[in-house]
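Multiple structures follow.
Shared between the two complexes below is chain A, which pairs with chain B and chain C, respectively.
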Partner chain A sequence: MIAIAFKSRRTRRTERVIFWLLRLATYFILACATYIFLDIGIKGSRTVFTSTPPFINLPFLTEPPQTLYVFDYDGKKMTLSDRQFREWKSAHAGVDVEATSVAYSAGGIWPCIVGTALLVIGSMALALGIGISSAIYLSEYSRNGRWIRLVRIAILNLAGVPSIVFGLFGFGLFVIFFGWNVSLIAGWFTLGLMVLPAIITASEESLRAVPQGLREGSLALGASKWQTIRKNVLPYALPGILTSSILGIARVAGETAPIMFTAAYAMKDEMPWQVAKFTDFFFQGVMALPYHIYVVSSKIPQNEYTERVQYGSAFVFLFLVMLIALTSIVLRERSRSRLSW
Partner chain B sequence: MEGIADSRILIPPRTKSRRAQAVVEQGIKAFFGGNALVAVIVLALITIFLFREGFGFFGQNLSNLRLYRQAGLEYVDIIRGVASRHEALSRNLSEIRLSEVRAAQKRNAPLEEINAALAPFDRFASAFSDTADNLHGIVSDLTEQASELKEQLFARAELLAQRSQLERSGAATAAEKIVVPEIDRAAALTRLREGSANFESVSAEMTAKLYNLLAEAPPLPDPAGQKAFEQWKTRTREYLAGLPAASEKLRTWSPDAPIPWYRSISSFLFGREWVTASFWQDWYGIIPLLVGSILVSIVALFFAVPLGIASAIYVSEIASAHEKRLIKPYIEFISAIPSVVLGFFGIAVVGQAVRAASQSSLLKWISFFPISERLNIFTAGCLLGFMAVPTIFTLAEDALRNVPRGFKEASYALGANRLQTIGRVLVPASLSGIVSAVLLGLGRVIGETMVVLLCAGNRIAIPDFTQGLGAVFQPVHTMTGIIAQEMGEVVRGSTHYRALFMVGLVLFTITLAINYLAQKLVARYRMSIG
Partner chain C sequence: MVATLEMPETTSPTIVNQPEQVPKAEIERAMIEIEQLDFAYGAHQVLHGVNLNIPARAVTAFIGPSGCGKTTLLRCLNRMNDLIDSARITQGAIRIEGVDINAPGVDVVDLRRRVGMVFQKSNPFPKSIYDNVAYGLRIAGITKRSLIDEAVEKSLRSAALWEEVKDRLHVSGYGLSGGQQQRLCIARALAVEPEIVLMDEPCSALDPIATAKVEELIRQLKEQYTIVIVTHNMQQAGRCSDHTAFFYLGRLIEFDQTAKIFSNPAQRQTEEYITGRFG
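== the complex of A and B ==
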């Protein structure tokens, strides 16, 4: 009896210890994530927010990046952006100062935000168009045959292909083979094709979740196949499709590798709409936020002058992507509880 | 009593004929089918395109390797190898000296005393490095000659290619105009051989000098240093014994010996050097990149697997419903953090922290601390591990949740407690699902680009494994990183361009294999339980 009691006490203690270890591991992950969010959030908000009204650093969000000039003048440390520095020089003609320049560290990130938005819109339009249509075909029209199984395997496997391989493919096919050069349209196709497998899989899943009875009822009433799909399948599948495609947006916006040599420029003076011809719009490279972060964190040194733009862009980017992802997660949780057949 | 229904409700007016409607239906079906086809074609195109661009590499690399032999670069590299082994030995001597100085400083000996004690050793070391002067002279002369010949041969091959292209396109007159200079390769190679004629005498002289030096090598004060010195002497004797073999190699070397086609493949798959845009010879060997990718992945999985599985078990079995509702979305939320932001965080925070930790006095007992590079395998691995946690967590949690209820209930009914049920029933039952979760996590880690590009240090070299675990704190380059870094700058169609596509192809194959394996495992698991 005593032995059993002793043994059970011991097992209970091991159980408790191991459960605590598991809990510790889980909370460790959460703590790491929280630390990252806080570090970037706090240091980044010093750039993005100000202590005076309107409390948001509008120049940072609405100006293009500029070179920062740092120099000593009159016993004071001056930090001026490219444009300010030229104005200052013309105002202080004859004064010779030795200024050290730090690239990208002044101004803001407006062209990068615009470029990322353009890339996301174009590639998502492409991916959603082809992706949802393909999913409708796969789930509603195709019969399960060898060919369709092959297609499914191909799609499933391509979902795991590294994004840099898509970038390589996009560079070889669109940029060089088609001769589109580094351009918006090459980026659209590369990114669109990259999320295509994910969109097809998710859309098909939502379409299949619509009960068979709805289709059969509609067909029994004499509706044609297309009428059935349009009136009785798509409306119920659409929330699911859109939710998963928002996650696709987060992925498209967050990827850097595929656009590095298909669509992104490190620096560009004109805004995307400042083009001579309408068609030039599609064949121009753009600045993109993720690529900008890559450039400012690897090509310029880490110091007090660069920290502003580094943390600022990382913060804005993280905030945007997290907002998109959060929308998707919240929508999914809500649709899970609401839609039950 | 209801009236007769409006006839319009029962039989809708037909505006279109049945036939026209069938055509429309067919058209819609064809539209969707066409879209699916586009998707498939595009996806197939990726594979085809990678192969198309990549496979041209082997032909170009083969001619690259042939040129290496024909221009006599290989010949010069035999002598260069002898000289650089001598340099390595010389470097070892200074390492021994450094450890001597450190040992003496531990005894608190003053600097002058240390220097005085090591003076005979210093004389020995400088005498040693002087013995190779003549050898280095030969190497630098020959290097110039050989690279000149290589350039001439290369230019000639280019002109020939231009001419044959013109001839093929029918412009015979234009083709005639291209003058292809004749190059007296035999004479140039003879000059090369003449230049190295005194290699044997030089090496004999060096051998004699070195044996004399070794005979009168000074003893070292520190026993550990003395031991290292003895080992060094053995290595030097081995080196000297190997010199005749080098002369023999020089004698039998022939510029016209054929290079078999498979050398092009083996030099890529097993090549230990990745050197590009060099004045001497480009090497495209994937091993340093592959080793880098694998090491980073190992470190990442070392962190991600325990954390991911532990949190999956915790959330699916132990956590309260309230905790579950919070933790699950939060961990899934992590997977949406853009990798470039994590990479930046690695540069700005993690790298510094790792280096600071290695310099702290608490960790002094670890032999390879403090580390010099803040961006290394470990830094990148930590961040990648963090990235892989959500993947492993989500899939492992799915697998655990899908274990039929009956399993758990049966276990409780037999008197097992929760821990025993988890350890002996739930985890074994979902093991294949968990393993496939780990595999998919590995797939994600190995294909990740931005974090390794920013945080792995980008030094193309195989880490020095003699340091044991310290190898993990050295910078490397990875397959994904090299593509991202070099693709933007290569000339289209060049060997380098194609080599990068080959690296992409290897990456593609590895991830496909991992995915395939994971899917196979899941399918089997469904069968065994379902």
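== the complex of A and C ==
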């Protein structure tokens, strides 16, 4: 006769407690994420969307930031942007009003979007160029030895460097030592170096995923090593490299620390293409979305009018980053189904 | 070129590997001369003093149990082992039409164009059938469309694949069956007009019908090419080769006409292997 022991009351209680602890931990994350997205989504959409056609607040997306002027006139509360205020004053010549000015709280974030786009394009071009080249060297040409192991360790360590340290490094080397000042090109190099380890790792993985048989088949037909890589390895690795790199884009677009000393201006009146001569383009600072959010959230006096820009910028920023991540996922799935061996 | 048949003494006293059984008249012209070849992966020596003359315009089969070095030797013939770190020829030489292929200054790219290879696992490129066959030509710098068209058709016909694929040249080579893929790889190798074709167990992944087609193809190809085939399948060696070399533990045990090897081998080990007593 087998005596089946029943679980003691204590065991059962421990089981239930553990179960609920684990469950609550999971729900806690979910709740936080939901709160953040809802908060930014709701408050941000008040800025970005409008209740009348075209339903999108185009000035917010297409105008530069302006100072907001708030004043009472004729018993009404007026909130006018810099430009509107000057027009209003010329229309009401002789009227003297006491206006409160709130920095950056009128207008839009167009220069920030453009600046972030420029930073991303330049730094990714740089990082992809250097990163893919060195990945090809590491996986196709180099022989595994002590030196190459050292290089790999260096790359791994580079990935662990905090972004603010990259910022300081870029400031010291590019801005001060090379004398590039706060400029696009200094930002490109700083951000490029920051994503380089991720690009190299992703590229190496994609290159390794190309079957050895394709290399041997090509070499056996009298192709040189470089012809083999260019015609029969790289084309098949490239989709993987590019999709993984899109996640790098999200990181480059999102970082504030590396650009705050190297490339970002809090405010700039000219758009990046309004330069005297071509070379000036590379040596100008730009506005950037993450830095703009930082500035409007902590560098200007807070009041009821500043929230509009903070949440609006955060909303647009979040939307852009999610769009990039989504593109990456879609591209990856598509390239996966197209290339299989 | 006339073969040198006076083979040096083997380094191993226990195994006689002088292919003295090959009558002089049989090998009119040695395409490949392998002389006292030692080969090692790092410290692990896998080929020991191999002496072998491979005749032109004939099929030579390498047989032997797994790990006997036959694939390694085959990959030495187009220097495919260059791709493997630490793998090297430690002694001896391989000459193709009298030229030492491992001499400094030899263009390995040109060598591989002249010595084509078909791999054990069929490895079509993820391109269309047409582009697979045209790959080697384009690599060689041929851009004229009509020339490539002509060569693609000729190669596919040589590989007995033309009739099956002529209506779908521009679909992916991956859509073909296993046997067709292997014949596509053969066509691809023939397109660059090599003089020698190396085949590393070309039928190991194929069903009997596909195997029969590839074997038939091999028999036809020897009219134009020198063929060296590695196989685990002794019936296959018997069916489609003119000469057979039997390897065991990195040594060439016996090399002779296929008929002689299979009916009246000179070495006891060869006989035991062929009759299935070991290996």
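Rule of thumb we're sticking to: the second predicted complex is superposed on the first by the 305 of 341 C-alpha atoms of A that agree within 3 Å, B and C clash if a C-alpha of one lies under 4 Å from a C-alpha of the other, contacts with A are read in each partner's own complex, and residues count from 1 in each chain.
The rule is simple: a residue touches a chain if its C-beta (ideal position, glycine included) is under 8 Å from a C-beta of that chain, and two chains touch if they have at least 3 such contacts.
All values reported here derive from a predicted model rather than from experimental measurement.
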{"item": "Which of chain B and chain C A:Ser224 touches, first, second, both or neither", "value": "both"}
{"item": "Chain B versus chain C as contact partner of A:Phe171, first or second or both or neither", "value": "first"}
{"item": "Partner chain in contact with A:Pro211 - chain B first, chain C second, else both or neither", "value": "second"}
{"item": "Partner chain(s) touched by A:Tyr236 [first = chain B, second = chain C, both, neither]", "value": "second"}
{"item": "Partner, of chain C and chain B, that touches more residues belonging to chain A", "value": "B"}
{"item": "Chain B versus chain C as contact partner of A:Arg83, first or second or both or neither", "value": "neither"}
{"item": "Which of chain B and chain C A:Ile155 touches, first, second, both or neither", "value": "first"}
{"item": "First, second, both or neither for A:Ile130, with chain B first and chain C second", "value": "first"}
{"item": "Contacts of A:Arg13 with chain B and chain C, given as first, second, both or neither", "value": "neither"}
{"item": "Which of chain B and chain C A:Leu318 touches, first, second, both or neither", "value": "first"}
{"item": "Overlap of the chain B and chain C footprints on chain A, listed as residue numbers", "value": "224"}
{"item": "Complex interface listing, chain C residues touching chain A", "value": "78, 80, 83, 85, 109-110, 112-114, 116-117, 119, 121, 123-126, 135-136, 139-140, 174, 185, 188-189, 192"}
{"item": "Residue numbers on chain A that touch chain B, as the complex places them", "value": "11-12, 14-15, 18-19, 21-23, 25-26, 28-30, 32-33, 36, 39-40, 129-131, 133-134, 136-138, 140-142, 151, 154-158, 160-169, 171-173, 176-177, 193, 196-197, 200, 224-226, 247, 250-251, 253-257, 260-261, 290, 293-294, 297-298, 302, 310-311, 314, 317-318, 321-322, 324-326, 329, 333"}
{"item": "Sites on chain B touched by chain A in the complex", "value": "21, 24-25, 28-29, 31-33, 35-36, 38-40, 42-46, 49-50, 53, 306-307, 310-311, 313-315, 318-319, 327, 329-334, 336-345, 347-349, 386, 389, 393, 417-420, 440, 443, 446-450, 453-454, 480, 483-484, 487-488, 492, 500-501, 504, 507-508, 511-512, 514-516, 519"}
{"item": "Touching residues (chain side chain A, partner chain C) in the complex", "value": "143-144, 211, 213-224, 227, 231-232, 236, 339, 341"}
